Amino acid sequence: MFKKILVANRGEIAVRVIRACRELGILSAAVYSDVDRAALHVLTADEAYSVGAAAAAESYLNIEKILDVAKRCGADAIHPGYGFLSENAKFAQACAGAGIKFIGPTAASMEKMGSKTRARQQMEKAGVPFVPGTSHGLESVQQAREVAAKIGYPVMLKAAAGGGGKGMRLVGSEQELQSALEAAQSEAQRAFGDGEVYLEKAILNPRHIEMQVLADEHGNTVYLGERECSIQRRHQKVMEEAPSPLVDAGMRRHMGEVAVRVAKAANYNNAGTVEFLVEQDPVNQEKSFYFLEMNTRLQVEHPVTELVTGLDLVNLQIRIAAGEKLPFTQEDILIRGHAIECRIYAEDADNNFFPSPGRIEMLLTPAGPGIRLDSGVYAGWNVPIDYDPLLAKLIGYGQDRQQAISRLTRALPEYFVAGIKTNLGLFRRILADGDFQSGKIDTGYLDRLLEAKAGSEHVEAEKSTAAIAAAVFSVLDSTSNPAASKPGAGPAESSWKRTARTEGLM
Amino acid sequence: MFKKILVANRGEIAVRVIRACRELGILSAAVYSDVDRAALHVLTADEAYSVGAAAAAESYLNIEKILDVAKRCGADAIHPGYGFLSENAKFAQACAGAGIKFIGPTAASMEKMGSKTRARQQMEKAGVPFVPGTSHGLESVQQAREVAAKIGYPVMLKAAAGGGGKGMRLVGSEQELQSALEAAQSEAQRAFGDGEVYLEKAILNPRHIEMQVLADEHGNTVYLGERECSIQRRHQKVMEEAPSPLVDAGMRRHMGEVAVRVAKAANYNNAGTVEFLVEQDPVNQEKSFYFLEMNTRLQVEHPVTELVTGLDLVNLQIRIAAGEKLPFTQEDILIRGHAIECRIYAEDADNNFFPSPGRIEMLLTPAGPGIRLDSGVYAGWNVPIDYDPLLAKLIGYGQDRQQAISRLTRALPEYFVAGIKTNLGLFRRILADGDFQSGKIDTGYLDRLLEAKAGSEHVEAEKSTAAIAAAVFSVLDSTSNPAASKPGAGPAESSWKRTARTEGLM
Amino acid sequence: MIYDVTIDGSSYRLDLNLDRATGRWRCLVGGREVEIDAVLAQPEVLSILIEGKAWQIRRERLASGLRIWVGDHSYGAEVSDPRSLRNRKVRGDAGKGPRHLVAPMPGKVVRFLVGENSPVEAGQGVVVVEAMKMQNEIKSPKKGTVLKLSVSEGAAVIAGDVLAIVE
Amino acid sequence: MIYDVTIDGSSYRLDLNLDRATGRWRCLVGGREVEIDAVLAQPEVLSILIEGKAWQIRRERLASGLRIWVGDHSYGAEVSDPRSLRNRKVRGDAGKGPRHLVAPMPGKVVRFLVGENSPVEAGQGVVVVEAMKMQNEIKSPKKGTVLKLSVSEGAAVIAGDVLAIVE
């Protein structure tokens, strides 16, 4: 087993990996940029090393600096988390070259899956269903017209190197095709340095369902069930669950077997996720699924799979990378209960979801039965503007989907973040929504919900209570010894109260 | 289903029940004594009512006041938690009389199990194995001598109404019998108002293993697996786990079936626990178990069963009391993984385990994969001297026992309580102990561990680190603007720093 | 002591008194007596009982003012004591006159979507600010003309910086 | 700046300086330079890096003095700046002279186990104090004679109250 693992990431996932290391008795080394010196992952690790300026390119994305730290501190493995360098085949290659184990698949597997067209070619060979279209970059408008005519409009143009909706265009008719293709190609060239664009049939508002796989280095590959990830905004997942309300045992087995075939086609090892688009025929309710892409890393939403399988994916990633065999077979894996994850972002859900960095003035966190919180922040932490806005993941587990929903609904009011805005209020709305509760979700669901006018949740009793409370706070502020001799009374006077008084607010 | 449940308890269990109510969409009403006005259960409930002075007899044990509140606020059910009125048959009777559902067994079942001798008589009829001895109170020293001679010394004298080690005497030989019997009888009379004492074979340092049962009001009774509760100090449980390292599938089934028989013999419904003493023959390793008593309420340690079964016992208690049928059969119940609970007490483990009430100045709580925290306190709360010292329960879940241990070991340093003493350090010691790790525990285990000299865990690196840190704190204290412009820097100056400076500490 | 409190636009007049010796409160809302009890659990966390109902109330102080949190709902609050000499802010009537587009968070100005003196529709994007790996379009609050672009592309801005003026 | 620090009885002399402009620390322990970096994460929580090792240190202030927590281990700490005029407390030599038995926590005196002028062994129970539903025996720290029982049975006591004196 490894002696020391360098965690090449930050935020909640770095904390998650550090915890897994500690549980395995492995030392953990954190890296941090200038603005992250006091970040939670630095406070949690056994060792911590500076890797430079705030801009990710100069720190968390800087292969040379990170490898240099790994060598200096004597790490024998690197866990990349998700994002940053986690899907960078060059980094995986560089680790191998430095004799440091990269905890993830080989560079060769990553490359096979890194280009969407190359992945489609692999899948074609392996007989895996994917959305009808081309498996090579489009060579001309003429070729695009021919393919589109064959598969029928609407079609989707996609960048081979794509991600995050860039270089992507929905084309409704032949007239739009040429300008859409040119725009997609130039956007892809700008965003990825690669203008390759292919075409596939557009599936409108499909479900996005993905299958977790695990493969050891001895040829054993298993699937751990699916995750429903259809609740998205701007192609970014917001809420995920396992199992999917749509998938039954038969479909799970079928998708799982396809996912294992995908992994084997890529000689895949370690944890990976095969993403599918799923559409359900509105008439006969028949469900079809198509290979979309493979994510060659741990996913943000891995906890929902952990809760329903009882397994620890990061623990298993490390053990697989250390050469261990999978400690179970497909038959041993059992899905029990239901888990739902809320991604808590620092963003202002009431104001265009603008990012909301800044200092967390106060933090109260939920707990109790069925509640797991994977957080990367603490009270007093200054959330920097330089990285993605994920603060924490709140995961609810229950005996069934309904209990998972009610536990999250119970936990949300226990969660309180002061000083910056979060999207906590959005989850209350989703959890209370009838379509969500009956599992009627697809990738268009969240936009439709947000367009609908939010019901006035502000009941009169709460408003008059808020009025009384606001006045009570004022009375207590003006007391030098607030609620003296009362149990649980707070400390004498906080600094902002003094400030407030000076400013005439009281 | 009920509309409003009055929670006749305080501390973590009151919070636990309130959360269960909220998840079921049921309003919760808390009660509080004078010192508990700002307690967490009051902050968490939908409604809260004062029931009097700090002394439990005047508040939480006052049947009349509690029923009066229940009627006034329109509660249609009462959850008693554990302790206080939870096993009080008179209270259950009074609730029934007032037309308010008592969430627990009937008064008649409680009475059947309330006296240990009466329970033994029931078990005799039901053919349940119990420790050899008398099933009726001893009538004379002569009778005691005859029985003791027949079953062989050492024997144990026990109060029929007993609990907490009171009215209990270990007798090693006939010479000690008379004075021990007289002492036990008078102690039982003083403690319980009932001098009845019986005699059974003494099992030295047995294991204490209990079986959770659930019975609905339609004749369905199931068992949910066992809990190992052998780690005790002064007959008080400190750490529990599920499953027991000793119990295999066959023994579990056997004990479970006996427990169901016990419950049926008492016409039991709702959640209950059948306690067994288990001894293992040191030569042939054969295991025998004996009925000890039945606890007619929810147990403190119920979360370990919840984690390995995936069920919510409080939720099920409420649904059973509302007349629902059990939503599963014995065959549906599946034990997966391993869970261990640490009872976090306000006591000074380094100083005779003296209680340590007072104000919690700071509280940091653990989280992440496999960690559940059921807490009844918060930073700023003043832990009163009037009630038992349980602050919270930290529960670790893992794929297997080893992972549960390593997750707790990982979580303990994340947990920090300042201002009062706790027994957190004790768990580090137990979790690191070889005998504990290999499952060699019995009711004498913890005393033996505490007698052994604690190894010096204070390594030199930590001491010099502490020295540097102490000085760094002093430097930062003396800065009016500590670590200015540093990310995550704390607020300007806390009140105790001003105080400290005034007192010349800096 | 009289307090005038505004909660999300609704006004309440409260007469609130704490007897510090007994810890008892006396509370009139709009002249009607309401039975309350309140203690501070943590510096910004209040436990308040109003005629039996238990509420855990949290207060958040933002640059933009007070927010009172009731469970997971929050309300903008203004508290004023009528004896106070301080005048309440008079809110500008939205929609008329030149309006400032301000950065809602710190970030980097990526590009302007319209030029100076160009006409804009209400809701049309004027400038893109990048923060936390996201590109955020700051939109015009009204139909009109972009009078001025106040910062240059590539500039780092902090929350509240004026980005453009729309007339 | 020189600090003399005592950690659970071990003494350390530190020369510690913070350059407030750069946030850089200079630290000598017993004359040897040690590379450190430190920032306050929360008011009593310090993140300190010592030659690569990362530590999260928490400070607890008790009536009995400072405790420094390194993970889940805690250490009694005394910090003094030699330029300070304040003299350090001279510790009484344990074992000699009359000793006070004090209540380790608030509670109620249930009963005395020995009378005044009775002989006691070291470790023998002298008085039982009830708190948090538990009866706690306060034991004699030394062999000797109970000079005085300072409170009466049934009395409520607070932490630090003298219960008895043993000579």
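Which chain is which? They are A, B, C and D, in the order written, and residues in each are numbered from 1.
The rule is short, and it goes like this: a residue touches a chain if its C-beta (ideal position, glycine included) is under 8 Å from a C-beta of that chain, and two chains touch if they have at least 3 such contacts.
Quantities reported herein were computed from a predicted structural model and do not represent experimental measurements.
With steps allowed only between chains in touch, the distance from subunit C over to subunit D comes to 2.
A separation of 38 Å divides the Cα centre of subunit A from that of subunit B. Centres computed as Cα averages put subunit A at a distance of 47 Å from subunit D. Subunit A and subunit C have centres, each the mean of its CA atoms, that are 31 Å apart.
Among all residues of subunit D, those that touch two or more other chains are 39-43, 45, 47, 53. Residue positions 37-38, 380-381, 486-491 of subunit B each touch two or more of the other chains. Here the touching chains pair up as A-B, A-C, A-D, B-C, B-D. The touching residues of subunit A, counted against subunit C in their complex, run 346-348, 351-352, 354-358, 361-362, 364, 385-389, 412-413, 415-416, 418-419, 424-425, 428, 457-458, 461-476, 479, 482-491, 494, 496, 500, 504. Interface residues of subunit A, counted against subunit D in their complex, comprise 30, 37-38, 42-49, 73, 378-381. Within the complex formed with subunit A, the residues of subunit C that make contact are 1, 3, 5, 7-8, 10, 12, 14, 16-18, 20, 23, 25, 27, 29, 34, 36, 38-48, 50, 53, 55, 57-62, 66, 68-75, 77, 79, 81, 84, 86, 104-107, 131-134, 136-137, 139, 159. Interface of subunit C with subunit B (complex): residues 37, 39-43, 45, 47, 49, 52-54, 56. Subunit A contributes residues 15-16, 19-20, 22-25, 35-39, 303, 306, 310-312, 314-315, 334, 336-337, 365, 367-375, 380-382, 384, 398-399, 403, 406-407, 409-410, 486-493, 495 to its touches with subunit B in the complex.
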